[in-house]
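Notes to accompany the following structure.
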Amino acid sequence: MTTRKPVFLVIGAGAGIGGHAAARFAAGGYHAVLARRSDEEGLAKLVSEIEEAGGSASGTLLNASEDGTIEELIERTERDIGPIDCALYNLGAQIGNRALHDTPHSTFELGWRLGTFGLFRLSHAMLPAMVERGKGSLLVTSATAAVRGNAGQHSHAAAMAGRRMLCQTLNAEFAPQGIHVAHVVVDGSVDAPDTLGKLLGDKFEAYKASKGEDGVIDPAALAETYWHLAQQPRNCWTHEIDARPFTDVAWWNDTPISAINRGKPGA
Amino acid sequence: MTTRKPVFLVIGAGAGIGGHAAARFAAGGYHAVLARRSDEEGLAKLVSEIEEAGGSASGTLLNASEDGTIEELIERTERDIGPIDCALYNLGAQIGNRALHDTPHSTFELGWRLGTFGLFRLSHAMLPAMVERGKGSLLVTSATAAVRGNAGQHSHAAAMAGRRMLCQTLNAEFAPQGIHVAHVVVDGSVDAPDTLGKLLGDKFEAYKASKGEDGVIDPAALAETYWHLAQQPRNCWTHEIDARPFTDVAWWNDTPISAINRGKPGA
Amino acid sequence: MTTRKPVFLVIGAGAGIGGHAAARFAAGGYHAVLARRSDEEGLAKLVSEIEEAGGSASGTLLNASEDGTIEELIERTERDIGPIDCALYNLGAQIGNRALHDTPHSTFELGWRLGTFGLFRLSHAMLPAMVERGKGSLLVTSATAAVRGNAGQHSHAAAMAGRRMLCQTLNAEFAPQGIHVAHVVVDGSVDAPDTLGKLLGDKFEAYKASKGEDGVIDPAALAETYWHLAQQPRNCWTHEIDARPFTDVAWWNDTPISAINRGKPGA
Amino acid sequence: MTTRKPVFLVIGAGAGIGGHAAARFAAGGYHAVLARRSDEEGLAKLVSEIEEAGGSASGTLLNASEDGTIEELIERTERDIGPIDCALYNLGAQIGNRALHDTPHSTFELGWRLGTFGLFRLSHAMLPAMVERGKGSLLVTSATAAVRGNAGQHSHAAAMAGRRMLCQTLNAEFAPQGIHVAHVVVDGSVDAPDTLGKLLGDKFEAYKASKGEDGVIDPAALAETYWHLAQQPRNCWTHEIDARPFTDVAWWNDTPISAINRGKPGA
C-alpha cells in the first residue's frame, strides 16, 4: 500500500495523546501510521475508528527500546506507504515516584532508552530524508519532568531533560534546513487509559473525578494543538509550548489562590 | 452600537500583530475593537479592511501610558459594545539598544509604564467582569527580552520581564476562575510596519530582504497562533509559547549550524 | 572622614542580610556604609557592633524610593568616604500575598520603585566611576518571585523579575568593563527581624520554630556567600546563585520526599 | 591506610578542575582521593603536589563508564580510607560539535554513560552511607549544555541535561536528609590541559591567548567556589550556580556591548 497523502507517524500510539493525534491528522488529510508496543486489538480499534470516520490509517506493533526497530519502521514506512511529513514521538517514561534505592540501574537505563535514546534513534533514521525534501515536522510529547526534577523522579526527569535538550539541538541543526521540531511540555494529567490509566489502575476513575469537570487534559484537545503546531508556516514556528487544565497549578507555582504562601514568606 | 458577537479587544493595534489578530478574530466571528496611540487614518484603514472582508470592527485612539485611559476604554467597550471575551495586550516597549548612560530615568520609567504597568491596569479594569462571567482570555504579546537581558536592553528587558512575571501571577490567580492568560514570546522580527518598520526606518525593506524568504514573522501567521490559543478548551490551556522564523537562531542558542562553537569549547 | 579601606555600600541595611553583609565585609577589611529607610537607633546599633568587633562602618538614613536620594548618597560616599568597591542592593519589595483587587495601582508602582527602579538608579549613579576605575562589584539580593510568579505576588513578582532582568542587562554591558554583577535568588525565609519579622509580627518566633533547627536562613551564613562572590577573581565570576535551608522544598519542586506526586501523575 | 580527616573524592581528577579542587580541599584539611581514567604518571604528579604542599591525598585509575567501577571505588574508599564527606563528580562528556549524521548511536550512548548514568551510579553507591551519617556533599561540575542545546551538541547536551535534572531529583530527595547537592554550570572555557587541552590539541595555547588576560577560567579559582559550596551551613545551601570569565558573553546573551542587536530587532 502506498498513499498520496502526507504521512503522519506516531510512535507511542495508545488511546490517549497518540491515538487522538493520529485521528486529528487523519481528519486533516494525512495517512496516519500508528506504532505501539503491545495490544494488537487496541491498535486495530484505533485504526478502525479512523477509517470509519473517513480517514486513512495503518498500525504496527513495535518495541521501540530494541535496537533497529524504529529504524526498520522508518525505512518500511517511507518505502511502502510514503514520505513521512510529520512524526510524533509520544513514548512516555513515567514509572511513578520511587526513591533512589528503589530505582535500579536497569530502570534508570530503560527510562533513558525510551525517554531520550529512542528520540535520537528516530531522528537519526528519519531526518535525512526530510532534509532532502526540505521539509518535515517532528513533534515531541514531553512532561513537566523535563524542566524540573521532583523527588522520586530520578529516572523520568533525567530521561525527559535529555529529551528536551535533544529537541533543542535538533532544532538548532535542522530548523534552518526546513524541519520543524516542537517540544510540548504536558504539565497536567491526560485522560489516557493506556498510560496514566494503567499507572493508576482501578484508581483512575476516582482520580479523574477528584479533578473535577475539565480537570484532566482531553487528548483530543491536545491533539488540536499538535495539529496547529504542524500547520504553522516556517516563518512562525513554535519550539516549546506548555499545556495544563485550568484548575491545575502550573509547575512553577506552589500557591493555590485560596492559600497564603505559608512555605516561604519573604522569599 | 452593541453587538451580539463576542468582543476581541486589541491594545496596540498597528498594522502588524495587533491588526492581523483583529482581522483573524473578526474572521472567526468576533467584533474586534482596535485601540492604538496615534494615526487615525491607519486605524480607520484597518477597520475598513476588516469590514470589507465581512467582519465587524471598531477603532479608538488611546494613550495607554496615561492614567485612566485603559480603564475608560474597558468601561466603554463593555457598556457600549459588549462583554469582552478576549483581549490582546500588544504594546511594545522596544527602543533599540542603548547603553546605560544613554537610558535616562524617564525612558526606563516609560518602558515600565508601557511594558508592565499597562498590563496590570488592563487586568485590574477588565478581569473582574470576566471572573463574574466565569470565562475570558488575556493574550499577551511579549519578547525575547522577557526571558533574557541583552546588552543595551535595560529598559526593554526589565519591562518585559515584569510583564512575563505578571502574566504568571495573573494566571495563578485567575486560571482557576476560568480566565486563560497566555504569554507569547515573540523571538524573531515581525513584518510590522508600525513598530519595527518605524524603528528601522528606511532600512526596514533592506533588513527584511537580508533575512531571506520566510525570514521574518508574518503577523498573519502569528495571529493564527493567537486564535488557536484563544480557542483552547479550558482542560488544555497553554500559558507560554514561543515563535520565530525557521532561519532564526533561537534565543538560547549561539551556534549556527555552519559554525563550530568558537566561543566556549568545553562549556 | 575618608578611608583607605575599600568601601562596601549596603542599600537596605536592616538587622538581617544587609547588616550581616556589612559586618562580614567590615571583618574582611572594608569600610561599610549602611543605608536604610528608618530606625536611626537600629542603624546606630549595627554600626556600633561592627566597630566593637574592630571594623569600620558608618550609617545613613535614606528613603530610596525618593528621586535623588540614592544619587546623593553615591556622590557623598565617593567624595567623603572613598571609592565604592562593592555595593549591595538589598531592598525588598515583599508585601505578602494579595489578590489583584487588593493590589492598588500605587502598591504596584511602589513595588517597582523599590524592586526595579531603585537598582536602575543606583547603577546609573554608581557604575560610571567603577568603569573608570576598571573594577567594582554590584551584589543584588533577590527572591524566588524573580523567577516565578505565585498567586498573590503581582507587585512583588513583577518588580523582582524586572530586577533580575536588569541584572542581566547590567552584566552584559558592564562585566566586560570589569564590573561584577551578581543576582542572588534567596529561595527561603531569612531570620531577618526588620523585614520578615515585621511582615509576620508576633507570629515570627512561632514561624521560625515551626521550620525546625536550621530551617531558616541565617543571614550571617548568606553574608559569607556574598563575601565569596565579591572575592571571585574576574576569570571566574558567578552571575546567578540560589540559596535555601536544607529542609525547604526548592521553588521548582512540589513533592516533598514523604509524599507521592498526587498532583500530576503522568506529567 | 585510614585517615581521621574527612574524605574528599574526585571522580574525573585531571590537571584542571578536578585536580585543583582536590588540592583546595586537601589544603582545607581533607584527605583527597583522586580518580581518573588514565595517565598514571599525571595522577601521581597531582598526588605528589598535594603532599608536597602539606596535604593528604591518594589516587586511583578508574574507567567510570564500566559497570561496577565507581561502586567498587566507593566501597574501597569508605572501608580503607574513611567516610566520604564530599564527592565531586567531574567527568566531562564534551566531544566538540558534530552534526547528527556524525554522531553515532554509540557516541550518544557513551555521552549518557559518562554524563548522566555515572552520576546516578555514584549516588546509588555513595548516598546511603551519607544518609546514615546525616550529612555529606555532592558537587557536580556541569556545563552550559545542561541548560541549552546548541547545534552540534546532541550527545553532550542530552547527557548534561540529564545530569542537571538528576541533580534536582537528588536534591529533592536527599537535601532534607542532610545531603548537599550542588550543580555548577561552568559557562566558559577552563584552563584544563587534560580535557579542553586535549580537545583543542596544539591550538590550545593560541586559543587561550586569543581570550586575553583572565579570559579563561583558572581552575584554582573555580576550586575556591567549590570549597565555598561545600562549607555552606545547611541553613543556607546553594543548589545551582554559574561561572564564566568576565569577558565571556553569558550563555543567554547574544549581544556583545560593542554591537547592536542585529539579529532580532524588535524581539
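In this document, chain identifiers A, B, C and D correspond to the written order of the chains, with residue numbering beginning at 1 in each.
The criterion applied here is as follows: a contact is a pair of C-beta atoms (placed from the backbone, for glycine too) under 8 Å apart; a residue touches a chain by one contact, two chains touch by 3 or more.
Remember, predicted model here, so these are calculated numbers, not experimental data.
Novice: Taking all residue numbers at the subunit B to subunit C contact, is the shared part over half or under half, that is, same or different?
Specialist: Same: when the shared numbers are divided by all numbers used, the fraction is over half.
Novice: So what angle, to the nearest 5 degrees, turns subunit A so that its CA atoms land on those of subunit B?
Specialist: Between subunit A and subunit B, the superposition angle is 180 degrees.
Novice: Going by the average position of its CA atoms, which chain sits the greatest distance from subunit A?
Specialist: Result for max centroid distance from subunit A is chain C.
Novice: Between subunit A and subunit B, what's the gap in Å when you average each chain's C-alpha atoms?
Specialist: Those two chain centres are 29 Å apart.
Novice: What whole-number Å value describes the gap between the mean CA coordinates of subunit A and subunit D?
Specialist: Computed from C-alpha means, the inter-chain centre distance equals 33 Å.
Novice: Quick check: how many Å separate the C-alpha centres of subunit B and subunit D?
Specialist: Inter-chain centre distance comes to 42 Å.
Novice: Could you tell me which residues belong to subunit B and also touch two or more other chains?
Specialist: Correct list: 99, 145, 148-153, 168, 171-173, 188, 244, 249, 252-253, 255-257.
Novice: What residues on subunit A touch subunit B, complex-wise?
Specialist: Within the complex, subunit A touches subunit B at residues 168, 171-173, 175-178, 180, 188, 214-218, 221-222, 224-225, 228, 232-247, 249-250, 252-253, 255-257.
Novice: Of all residues in subunit D, which touch subunit B in the complex?
Specialist: Subunit D residues touching subunit B: 92, 94, 96-97, 99, 143-145, 147-153, 186-190, 192, 195-196, 199-200, 207, 244, 248-249, 251-257, 260-261, 263-267.
Novice: Using the touch rule from the top, collect the residues of subunit B that touch subunit C in their complex.
Specialist: Touch list, subunit B to subunit C: 67, 99-101, 105, 108-109, 112, 116-117, 120-121, 123-124, 127-128, 145-146, 148-154, 157-174.
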